[in-house]
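Next up: the structures, one after another.
Each of the next two complexes has chain A plus one more chain, namely chain B in the first and chain C in the second.
Up next is the complex of A and B:
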């Protein structure tokens, strides 16, 4: 993947988030503050705008700028969380004009670590991490087993989707949903859902 | 004098904390960073950064937050100003604001105020 491709994928992610904005907000309404879709769409609209002005051969730059745009415009927890993840991925890919699958996986891992640190969170708390961590694990295993790019990304999507289903079965102990306590059971996590959407777009494009 | 920034998802809530604390400590520098630029609910990186800059002096600034993204966004603002004397405090925002700004008014240092504020959440009202 080069810079042109990454910009293209981010633009498609922005379009997807805009398209799913109402659905994401709806998911956030029983267990959160009904703003996930609106916030994410606002953030990615700014990312879209920034991408148009971006002229770089550095994939790390693109991701870092994406993260900064999200931090300053999202306005909810997904701002600092996704923002930190993209910025960490950007740092991991700094100076690279092309990104290989192992490099992507390394950057993805750095992004996840960033989210864990920012949110003082881990898996099993009904957050985006419940889709991200299984996706990363599945992708690492598939890449090691087959070395096939498409299969690797497809395995990540399947694991992330399963992760979203898993969030329906557990009680939220982080974020606004933790105030809802055990009444959060039965509802899927909006952050895990938006992440899975992003990965689905990426998997179609690689 | 130590300055204060109050971060909330709600613009009015943050502004009201400034008003309430200002009743007893009108001399203490305070700034509100509530809601998004357009006044809707959320936390704004730029509003927080500007609020810190507005009340900043070499005596330092303490930031009190409500919850969730207020805390995480503030954390990112502070990471962006590593040379500044500014810290987040983990305490209830209203009670902490009143206690902290009164402390600042009588000239306590940032460290002394922090240690006072750490007790604020432990005091029972009933």
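Up next is the complex of A and C:
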């Protein structure tokens, strides 16, 4: 993946988030404060603007700037979390004009570690991590086993989708959803859902 | 929705501008965004910054001034401000003594302020923080993100602000802010919801004869919903929870009866009448009482009661001079 491709994927992610804005907001209303789609769409609209002006041979730069745009426009908790993840990925890929699958997986792992640290959270708490961590694990295993790029990304998507289903079965212990306690069961996590959408777009493009 | 606004996307900007125009002797707005700082920066003391979503006026801009805050950051209505907004605020007020961030305990607020703090530290600014979590309505357990920060935050602004004014160190100011947090408990109730301008409809609904007990300052659900009762009965319910949470016996306290935006002072005084009686019955001496709108929820019809347990240090700092648009002592 080079810089042209990464910009293209990010633009498609932005379009996907805008398209699913209402759905994501709806998911957020029974267990959160009904703004996930609105906030994410505002953030990715800014990312879109920044991408147009971007002229760099550094993939890390693109991801870092994406993260900064999200942090400064999304607000709430998704802003710092997604923003941190993209910034950490950007730092991991600093100076690279091309990104290989192992490099991507390393950067993805750095992004997840960033979210864990920022949100002081781990898997099993009904958050985006419940889709991200299984996706990373599946992709690492598939790459090791087959070394096939499209199979690797497909395995990540399947694991993330399973992760979203899993969030329906557990009680939220992080974020505003934790205030509703047991009433959070049955609802899928909006953050896990928006992440899975992003990974689906990426998998189609690689 | 019926409101005195010019457009849902202009609410925060115009509110801040109007506030600064009303109090130019106290406030200055930063060019970079909705951050207000003291009109005249005070050097040589720890600087205090707080903030959060808009919709809680006079919090937090109204508490910027002598003896309280140095900066207040306003996010969108009920949405945490972003790290770069907070960072600009910190840079504007930073002194060699350092900066204390007073954060209300919401996931978004904590993360955005912490990121801003890290950005400022990278610039060589000394930054510390306290997290206010005074709402006894929320269970503080491993299974939640902990209690919410609500009206008790105003006591933190007042007392930590007064401590900073004495020239105390950043550690000392942080310690006294934490002491306030450890000794203040709050609980609220509402009988009519509020409408976030961008949403256009109320965040929840209550029947004409219903009330929500333990409500948060963004209209989040509380402990339970019930048929409305008399002011004395509701006050007793809230005071029972507050007084059961920490041991107030034999102490002197400061009381705040806070209106949520659409509760008349008449009713707040009726509530305080009962609060005072309950405390007198239990032999808890009221040192100071505040009744009014300190931490609102747009036009919610509700109130909260905060009770702060005092010692000599807290009493002195509570009485110290404060001169801000919304709080004078």
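Convention: the second predicted complex is superposed on the first by the 206 of 206 C-alpha atoms of A that agree within 3 Å, B and C clash if a C-alpha of one lies under 4 Å from a C-alpha of the other, contacts with A are read in each partner's own complex, and residues count from 1 in each chain.
In the analysis below, contacts are C-beta pairs under 8 Å (C-beta built on N, C-alpha and C of every residue); 3 or more make two chains touch, one makes a residue touch a chain.
Everything numeric in this text was worked out from a predicted model, so none of it was measured.
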### Query
With chain A superposed, do chain B and chain C clash or fit?
clash
### Task
Using the superposition described at the top, determine whether chain B or chain C touches more residues of chain A.
C
### Message
Contacts for A:33 in the overlay, against chain B (first) and chain C (second): which applies, first, second, both or neither?
### Response
both
### Query
Just chain B (first), just chain C (second), both, or neither: which does A:81 touch?
both
### Task
Check whether A:171 is in contact with chain B, with chain C, with both or with neither, and answer first, second, both or neither.
second
### Message
A:180 in the overlay: touching chain B, chain C, both, or neither? Say first, second, both or neither.
### Response
second
### Message
With both complexes overlaid on chain A, does A:60 touch chain B (first), chain C (second), both or neither?
### Response
neither
### Query
Where does A:191 make contact in the superposed view: on chain B (first), on chain C (second), on both, or on neither?
neither
### Message
For the superposed three-chain arrangement, which chain C stretch in 112-120, 220-228, 256-264 or 274-282 runs into chain B?
### Response
112-120
### Message
On chain A, which stretch or stretches are contacted by chain B in one complex as well as by chain C in the other?
### Response
33, 35, 39, 71-72, 74-77, 79-81, 84, 118-119, 175-176
### Query
Where on chain A does chain B make contact in their complex?
33, 35, 39, 71-72, 74-77, 79-81, 83-84, 118-119, 175-176
### Task
Going by the contact rule at the top, pick out the chain A residues touching chain C in the complex.
33-35, 38-39, 71-77, 79-81, 84, 118-119, 171, 173-176, 178-181
### Query
What residues of chain C sit close enough to touch chain A in their complex?
75-76, 78-84, 106-108, 111-112, 114-115, 138-139, 142-145, 198-199, 216, 218, 220-221
### Message
If we count contacts the way the header does, which residues on chain B are in touch with chain A in the complex?
### Response
9, 36, 40-46, 67-69, 72-73, 75-76
